[in-house]
Amino acid sequence: MHSLDLLLLVPILLPLFGAGLVFLSRARKRVQDALIVVTVFLTFAGTAAIYLLNPEYRLQLVFFRLVDYGLSFRPTNLGTLFALLSAGLWALISCYALSYMRHSHSQTRFSSFLLVSLSGCLGVFLAGDYFTLFLFFEIMTFAAYPLVIHDEDDEAMRAGDSYLYMGVAGGLVLLLGILMLVWSTGTADIVPALDKLQGGAISPYMVALVFLIGFGVKAGLVPLHIWIPHTYPVAPAPATALLSGVMGKTGFYGILSVLTVTLSSPLPSKGTAAIPMNIGFTLIWVALLTILCGAVMALLQKNVKRLLAYSSISQMGYVMLAVGCAAYLGAKGGLPYTAAVFHAFNHAVFKAGLFMMMGSVYLRTQSLELGKLGGMAKVLPFTAFATLVATLAVIGVPGLSGFGSKKLVQYGIEKAAAYHGEQVLTWAVWLFVLGSALTAAYLIKLYYGVFLGSYRGKLVSGAKEGVTIPAVLGLVAGSIVAVGLFPERMMGLMSRSAAGTVVNFGVMTEQLAAVKLWTVSSYTAVAVPVAIGVLVFFAARHFKFGAGTVPWWLSVEALLYRPITQGFLRFCCRYVTRVEGGICDLYDRSGTVSHSVLRRVKKLDAMLDEGYEAAQRTTSLVVDQARGLEHGVEEAYARVGHAAVETTRRMRSEGSDSDAAEQQPGAWNPQNVTLGSLVVAGVMFVVLVVLYTVGIRVLR
Amino acid sequence: MHDMILEMLGRILIPATQLFGAYILFHGHLSPGGGFSGGTIIGASFIFYSLVYRFSDKKHRLKHETSLWFEVGGALIYVGSGLVGILFGRHFLTNQGVFPIGEPGRLWSSGMILLVTLGIGAKVAGTVFKLFQELLEGGAEPDGHH
Amino acid sequence: MPEFMHAPVLIVAVLLLAAFITPLLGKRQAATNAVFLGAGVVALVLSVGMTLRVLAQGTLSYPVGGWPAPYGIVVLVDVFAAYSSLVLATVALIIFWFAAFGPREVRHNGAYFTLILLLTAAMQGMVMAGDLFNLFVFIEISSLAAIAIIAIKGTKESVEASFRYLVLSALGSGGLLFSIALIFMITGHLNMDYIRTTLMVTAEQYPLNLLTSIGLMVVGFGVKAALFPMHVWLPDAHSNAPTASSALLSGLVVKVYIIALMRIAYLALGLEIFALFPIRHLFLALSTGALVAGSVFAMVQDNVKRLLAFSTVAQVGCIFLGFGLFNQRAIEGGVLHILNHAVMKSLLFLTAGVIIHQSGIKKLSQFSGLGRKMPLTFAAFTIGAMSMVGVPGTAGFISKLYLALGALDADMLVFAVLILISSLLNAAYYFPIIISAFFGRDSDAEATDPAFAVLAPVAVLAGMVFFFGMFPSLMVPLVRQTALLFVR
Amino acid sequence: MVIIERLYTNIYYLISVVLFIIGFHTMLTHNNLLKKIMGMNIMDTSLFLFFVSIGYIRGGQAPILREGVIQYVNPVPSALILTGIVISVSFTAFALALVVLLHKQYGTIDADKIIALRSRRHA
């Protein structure tokens, strides 16, 4: 372990440490603020150092063996780039949050979890294997929950539920994907593994699908996006800025890693090359669906933050489109790869900026309903200007950051359409243009609704902006312009992040060199969608399109998720109660069965009883008879004895006259013992002896 | 309340029962019998004793502590004589080589077996009587408030 | 380490001695506590020493009284026994600590401690017994003590629940004794080693006896371990017991029977014979039922302790799943889950007890806003719940991970998905509690965090949840060797 | 005849199984708690019979060394059953104690009535 490698711990541990300190210093507001600022900027500095060092040193840090796989940090160029971006945005947004949340409740909780989720987010970008990535992914998900539900009203709680359960479910699906990967390849490291996957029992498509679902929840792919429109509007502006600008990018980062690193092989054969191609092809269409759904839904919204939420979905669709193209093109996918990274980068900056700008509007108006707003340009001229810059950047006006990246995405999709000769993909190009037009339309709607016209509501007078918020917004706007002015240089920076992926560097450099941004045709390529967008906007305004609300039952949630969850629960309950009932039934049934058996036994018992009784009766009968017989015999004996006595007496009286014995014939007298009684005693003795011997035999 | 017949019977039977129990107890290693049987018989004599005096008489009443001491003492004798083996560097409950073994067939003939039997007997007698006592008078208050 | 040669017997003897001395101390609270905790500490020290010895020198076989195996009683401490003993000693000590200094729910603390010590001694004896009959005796002692520590609360429900437990437990014991008798009939031995060697010869002659015996054994242990369709006694019993008892019952007692069953499986029956009958598939089916049914039933509970009890039913299913899948990693997962679930379920039950004691609220629907009034307690509850859900970094994640990998190893993707679904279901019933406690509307209930002495054992358990989540490698040598006992 | 022969040789096992089933059945199906306990005892007794009869040898003597005795009954089952009896006694005693408590609290020892009383209280 190189000592420089320990630098990797700074962005992970410093925010956690800072969060602890912030919690401890909750009594002293000034110290707390200072701690937050110091922590985020130190973290930013650490991340910057990693970014600068990484290409040369290849920092890596492997820890104690967590399970079999260890906790490892092995940042890629892409990872360090996004870590730098996240830390930077986090620093800006934290400063913004200090001003924005000044009058809010539970500031300590908000700040602590802000820092914890920063740690989680940076952990995702710096992770060296999927287990580490997953660990920090989950930390981020859970740490962001208190940020989402900060307002604690009913709406926020409901949004929080949807955020949390989608997050947990996504996390579990992701875990399943990681398990599949580990099981079939034996490692969770982020390395090319397609060859091993191909031979395994689990199809690579399955793995890709599971990973896409797992990361897609965070990235907001349609139809996994349902938590976004619930969550973004209710979270405080800094939290939304982070969710949309940074945390959503972790999903993008994951998908990009899976598609261009894990599901690739260093030396693709014919069989393996088709797999990422097919996956990329599918992703392109999912991404187009995401772009269009997001854009249309954004156009229909009346709440500014909800509009921006759908806009985020739509913009992430662009990014995913580029990712799909990169996967589709394989080694020749350098241009769309750069496009994806570049657009993700830009989107992070301008969308975080837009949410913060709307936050500063909200501070003055306490409302973000488009119908009630208007004329803010007069109240907040600087914010209006910054918003204009950001909006135009999203639309893709030349000279601003969105121009270069959007152009690149368009080139990417055109390249994909040309590459394998799939005719269908030319349609994708047209859909792309349609998406751009819709984007222009809803952004015009946004800007028009908020800043132009006149404001009829009441302004919150006490809430002064201070210096921090304009400074942050200015920085964002400035960076948008700066990036927009030198897109080629940025492209060079972005393309460096393709190191370690399937992308062929040489081909990429050629492709990028061939890109001509500053041409008339590219201006018209921007102007046409914008013109269509303006038309759409006015048409929509004229026909009051988007004034009504979309019926709830048409949403994905009502159509897909709710029936599934409810069905599952109902199924479980019914099934389980049935099983439980079955068990109880079984117990009962066993009781009944044994009862019936026992009834039989009882009958048998009764029969036996009867038998006994009969036997008894017979025996008693026999005994009676025997007794009678005995009586008779006794009488006979007695008579015999009597006769004998009489005879004796008669014989004696003939000899001598004595009557003494005659008075007590029954008394014990040896003379009374007659032959008959001796016989009886003898018989009884014999019977006893026989009984005894037999009994002993038997008893033994 | 005194019952004349029970009392007279008790006077005759209780010593005899106890003597018989003691006999079985002490000859546990020589003939069928031993701690369990002997202890139960002695315990039964205690039960008989309390039945005779119907628990009314404070003077004749056996205390809970007494049966507790019987129980605990018996168990302690058992575990203690087991531990002696370990103290002598042998195994738990070792008999040979730790306790003096007399002539076979005599009362003192099998080392600690007699000791252990006595312990078990005390324990069982105490337990049997304690069970009886507890079933008659023990038990928590009806609704569990204490 | 020859000093620890006597440890297996001494652990049981010390606990028993303490159990007998405690009632003598009467009302002397300090002395009672000292004896009670002292015995726990000594048992833990002995257990640690014994485990180290077993790891260093292999299986420890201790002939009681110096008599050799077929005639004498032999205590057989292999890796599994050492591991189980260690788990028992550790978790039990923390629960002792709570029982001594936590909120008092029982009138006769002396008698209560006696029962707890007896229960612990019996459990320790059970996991180390080398012959079937001593195993049976310890099972009976532990059953009796377990029933008694429910009824000792003295409320109507607890007495009724404990009577139901007693009846079912007696049925289980009857089945067990019958099965032991059948095995004795076939083999003429009670010593597990000798049974195994004899069975190799005689098993083929008496297949019916053996089948009956194994069936009765699975049912007997199943009733005692609350395997899914035989769990009917558990929710009432575990939810109506005093807090420390609930923790002890749910955390340790239920699992000890699984340990005993599995020890019989590999020590006495031999795995070949165990594999002859479709017990593994039975385990798989029943544990699936347990995972789904336990979670779904937990979801609809309103009483916090009943919810935890139903969750135990599900988690027992998880452990059985590991043994049902029957490969290296799945068994490692099941064995680890014995420890992890012991730690986290004790944590949850103890915190639930503290919450109920401090606030007087049992119903989940009234938990709203309580978390802000007693943050430390609910933080501990949250940690336990997170671990039950299987959030990475907590102990529950590790065992679920192993189980899921084991399911994949067995080529049964279904069970990996099942484990994840059960995690999701866990989330669905644990998170609403936490969310409503921390972020819900304030209720008018009065509650504060208890004193530090009460919270300390809870805090230690919470620390253990994280510790075993971050450093599972500490237990891995034991667990791995244990799994090797099964998968040779 | 073979059947009778077989019955005769296995009469103890047979009787113990019959007793076991009677005990089991009594335990499960009777509502009266005392009868449940009786069932438990019958079941235990059947097991003791079973166990003892395993070790019994016709014509064997008590296993105490004496001159002139060749056949001994296997002492192990008897010794075990002694323990078993003790366990059974403690189980019974404890169960009886519980029944006493239940009677104090519910005023009945009928399981169904107790459940009815409980559910009424809950409702």
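To keep things simple, chains are lettered A, B, C and D as they appear, and every chain counts its residues starting from 1.
One rule holds for everything that comes next: a residue touches a chain if its C-beta (ideal position, glycine included) is under 8 Å from a C-beta of that chain, and two chains touch if they have at least 3 such contacts.
Please read these numbers as outputs of a predicted model, since none were measured by experiment.
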B-C against A-C, pair bridged by the larger set of C-beta contacts
A-C
So which chain is the furthest away from chain C, centre to centre on CA atoms?
B
From the C-alpha centre of chain A to that of chain B, how far is it in Å?
63
Chain centres from averaged Cα atoms put chain B and chain C apart, in whole Å, by 35
Between chain A and chain D, tell me the centre distance in angstrom, where each centre is the average of that chain's C-alpha atoms.
52
When the C-alpha atoms of chain A and chain C are each averaged to a single point, how far apart are the two points in Å?
28
At which residue positions does chain D touch at least two other chains?
28, 90, 101, 105
Per-residue overlap in chain B, given as positions that touch at least 2 other chains
140, 143-144
Contacts with two or more other chains, residues of chain A listed in rising order:
none
Contact footprint of chain D on chain C as seen in their complex:
133, 137, 140, 144, 147-148, 151, 154, 156-157, 159-160, 162-163, 166-167, 170-171, 173-174, 177-178, 181, 184-185, 190
Show me the residue ranges of chain B that touch chain C in the complex, using the header's touch definition.
68-69, 71-72, 75-76, 79, 82-83, 85-86, 90-96, 140-141, 143-144, 146
Could you list, by residue number, the parts of chain D that touch chain C in their complex?
20, 23-24, 27-28, 33, 36, 40, 43-44, 47, 50-51, 54, 76-77, 80, 83-84, 87, 90-91, 94-95, 98-99, 101-102, 105-106, 114, 118
Footprint of chain B on chain D - complex, ascending:
62, 64-65, 82, 85-86, 90, 93, 96-97, 100-101, 104-105
For the complex, which residues does chain A have touching chain C?
64-67, 131, 134-135, 138-139, 142, 146, 149, 152, 157, 160-161, 164-165, 168-169, 172-173, 175-176, 179-180, 182-183, 201-202, 569, 572-573, 575-576, 579-580, 583, 586
